[in-house]
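The same chain A turns up in both complexes below, where it pairs with chain B and then with chain C.
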Partner chain A sequence: MTTIVAGRPLQRLLAAGRGGTLSERTPAHLVTLGLVTVALLVAPHLNVNSYHLTVLYYVLFYAAFTQTWNLSSGMTGYLSFAHPFLLAAGGYAALFGLHRGLGLSAAIALGAGIGLLAGGVLALTSVRARHLVFGFLTLFIVMAMEIVAELWTPVTGGVSGLIAPKFTSFELSYYLTAVALLVTTLAIVLLRSRIVGREVLAIRDDEDVAASVGINTSMLKALLFGAAGGLTGLIGASHVLFLGSAHPNNLFPLHLIVLPLALTLVGGASRVWGPLLAAGGYTLLTEMLRVSAPTIHLIILGAAVVLVARLRSI
Partner chain B sequence: MTTAVQVLANGLLYGSVLSLVSVGISLVFGVMNVLNFAQGAMVAIGVYLGYFVVGQAGWPLIVAVPLGVLAGLALGVLAQRVALYRISSVEPLRPLLATFGLGLLVVGLLGALFTTDIRAYEGPLRGSLNLGGVKLPTQSVALGLAGLAIVGVIYYVVYHSRFGLGLRATTQHREAAASCGVNLDKMDAIAFGLGTAIAVGGGVLLSIRYPAYPTIGDAWLLQGLVAAIIGGLRSILGGVVGAMVVGVVFTALTYVTGNSQVASLLIYVTLGLLILVRGGGVLKQA
Partner chain C sequence: MSTHAGPPVLEIRHLTVSFGGLTALADVSLSLDGDQAIWGLVGPNGSGKTTLFNCVSGMIRPTGGQILVNGRPLRTGSPRAASRLGIGRTFQSPRLFERMSVLDNLLAASRGERRPTQRAEELLELVEMTAHRRALAGQLSIGQKKLVELARVLMRRPAVVLLDEIAAGVHPRMVERIEGYLRTLRAQGVRFFLVEHDVEMVARLCERLFVLDRGRLIAEGPCQEVLRDPQVVSAYLGRPAGPAAEGARDAA
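And now, the complex of A and B:
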């Protein structure tokens, strides 16, 4: 498989000559990603109070949660409502592991692994169902899984949830989420600069045509949903450690079902920075307005979704 | 035997209430090809309306329910113009997202206006009826009958009016209807208005038995979607039949398993698998 090596003038010219705009900005993206990495490393060590740290964590959490959705659904065009299912799979698995005597790193790895399997379930669904039907099925999956979380008391703690058996530091959750965000963003940058990324985007544009020119669409979908599942599972594991518990109310709330979809589409599906900026802006805006209206996040998300649907082709 | 009749009766009553949601979804999908995810939020508006108008102001139901239907009609037409106007048939996912966003917006606004507190009042028609050993709560019977009455009114409008003829023609074939002079923009607005009218009017009814809180519509929406899909997503009658099937199956499963959540789960999983096995055919044929 040929790879377009971005950054070299001749290849860039060639790529541009073939109408290839995907790879040109890769060096700029990588530099920006480096700067973001440094900023994320430094931010907690600045002289800030714990409230600012919490807000910072939530900006990071929503950004990472949105970006992993962008990696799977944004790139392939399979709009999933079941993203909280991946988060919850990772979160519950990690705490279940801790309760069964696993070490901290093993429990987090278990969370990521179960998240990966959950992503595999979505990939399997996508083999049989497309577009509207896929969206519909993922909505059923997330609703069914919420009920499962409430009923499967031996594993999930049922309606009272699972308490984290030991205290972990803020830094652990923060850096794990940062790693998930950076890895996901890097994956999107690299995908956009390579042929394989174009193959993925071809699935979004027209899956039948993509398949007819020899692209293994099922494998690509499985790869992306699996990767997004594993990364979201990791975010889920670090999130329940941050919260100190895993509970259906925290892992399956209405706004988490639609948040990654809304923010990715606002920022631009399959784009590198748009979804991140949308997620960061959303978190700061809701945080500022939360006191005046507790359900303001739903109003903002709802209005954003309506606007996107009105103004933009998906 | 009495138990079986009891479960069946309860299921049918529940189904006729559920038909308030599924008929609205079928009507909107039939005309506009849009799965209306805002239907649940519209039910919530109705429940709040009922809480304030019937519970607080003490209006009789016979006035409050038609008021809810009219308010819903106006709200639906407005919502269609704002959120859905002329994006309906372009891409299937866009209108779906628009209704989803509309639902979130309504839930958020309800929460901002009335907080997320659960509000309930002592509704009328308490107690129960005893029909030859089968005991039924009076409220359920009233809800079921009134729900069927609302659906009946909508049925009459759709099958015995000029608007209704246009609606049915649009359901059959949008382009052909348009070429015969049917104003599609108007039909879309009316369909969405009628769907919302059923939801809000039904919500006012529901308030005598169910408490008001912003997300009360979610459960109704999901079961209503299931019912509408089973009914074929095209006709009012299909919506009613689907709702009856879901009502009876749900009530029976709840009785057998002793847990309504297990019953919901079984219904979701069954329908999900059905769609998977048939490769979306359940939706496509609609």
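And now, the complex of A and C:
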């Protein structure tokens, strides 16, 4: 792990605000969260066209998707590549429920519940498999689940996917995703202000020593991956309603595997706002370059990850 | 003969650790009775001292044997189980939560403590690290890290603290400070089991001493007696211990 060397101005700038105690910035975080909540409530009602609303939705989607990854992987240090698995679990479960006659609320709840169970699968994986091995196992899981989605036709519709049988409004998907984002962010703020947040970050820094000072590492990982799974499942349910369908192509694309990791690293793993700002910036950049240079945003993101890795400890 | 009522603080029975064809510990049995408060464990490099500590603290699972803490059997291979039974441990190279502040390092170990912040502040004051409470643990010197690690392990109010070469790699003045803290804590009822290469420090602090050589316990007894044992001198010391032990010998 690269350590910050005193005397380098840029590194000192990046390190500013670190140290101290985690809970000192809680009041500021809560105030900011309140302002963000108000902004999210108001935004769809501003006088903007449908294109801007779509961009706004995707900013929210990527921010929420990244933040739920930050809640589990960013806080514990167990870097998971299986986040699209959680998204797809929720999305497919919701549409499956709708096809079977469930009401909209029940179908969305089912999506969140299946996402929670899927998060539990990742938590179980983390009990015996430490960081690098865990990462490879999650990569295997997400690739295997994509194949399952393509083959398990009675449940997922196979390669054709599932079409959302009911029309739902933009506002529904927007506010569901906003709720997931706000709840996840609040969870991170509250975690960091409590003893339990220090316990989780101790897992990240040295899990064996964390256990040796009495921290129940297995339980905490299960809680965080389960919670992240449930919230990501909710995002997945919301997303398939926005898209109108659940299909392997839109739930398991390659960039969703690496994006939450890259954006969290750029924004600062376990930080409250950094990953959100990185996700928002990335989405806007993608949109701005979509016509003129549709793939250059990935190069820019990769360069940002390398630059941040050089300048601060990860 | 122990006059302490109750089981030993720590009892190790026939502990054996083998890694493939290598035997790191061979049928080691020892007991830390409640009469004393600071025990020492010495031996040449590779004698099994850290392996023994790793077994007691749950970092590794022994091949055979049993460990009891205050008469209760320890579930081996689980650092958390060891912590819950009252084992605290520091490491040869300090292992702090480097990306957290000094205070947060202690608070991370405060589960179950009624007033965690107050307790953490008291311990930081004891080891004179209050001024660094907001500093990132990763930015401390080795000596400072050892003090913070000591304070952190004390947050759990352990039955016995395993100190793995706490004097290694630190300035002699810091060693004096550490000895002072250990004496203060001893007076408060804290018990320590020390692994040390600094024989002078061992002679000054420890009441009872155990000596390992090539995975076997070759001597145990009152510290000053053990340091004069010809077998110990031959296997480990190579020469008599320094003024602290010599003074004790002259007085005997």
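In this section, the second predicted complex is superposed on the first by the 281 of 314 C-alpha atoms of A that agree within 3 Å, B and C clash if a C-alpha of one lies under 4 Å from a C-alpha of the other, contacts with A are read in each partner's own complex, and residues count from 1 in each chain.
As a convention for this text, a residue touches a chain if its C-beta (ideal position, glycine included) is under 8 Å from a C-beta of that chain, and two chains touch if they have at least 3 such contacts.
Predicted model only: the values in this text are computed from it and were never measured.
Shared-chain residue A:Ala64: touches no atom of chain B or chain C.
By the touch criterion defined above, A:Arg130 reaches chain B but does not reach chain C. When the two complexes are overlaid, the chain among chain B and chain C that reaches more residues of chain A is B.
In the superposed pair of complexes, A:Val306 makes contact with chain B only, with no contact to chain C. When both complexes are overlaid on chain A, the residue A:Glu150 reaches chain B alone and has no touch with chain C. Of the two partner chains placed by the overlay, neither chain B nor chain C lies in contact with A:Ala227. In the superposed model, A:Leu191 makes contact with neither chain B nor chain C. Overlaid on A, the two complexes show chain B and chain C touching the same residues of chain A, namely 313.
Across the complex, chain A meets chain C through its residues 1, 3-4, 6, 15, 18-22, 195, 198-199, 201-202, 204-206, 208-217, 313. Interface of chain C with chain A (complex): residues 57-59, 78-80, 82-84, 88-89, 91, 95-101, 103-104, 107-112, 116, 133-136, 138-139, 152-153, 155-156.
By the touch criterion given at the top, residues 79, 125, 128-133, 135-137, 140-141, 143-144, 147-148, 150-151, 254-255, 258, 261-262, 265, 293-310, 313-314 of chain A touch chain B in their complex. By the touch rule above, chain B contacts chain A in their complex via residues 35, 82-83, 87, 90-98, 100-112, 115-116, 214-215, 218, 222, 259, 261-262, 264-265, 268-269, 271-272, 275-277, 279-280, 283-284.
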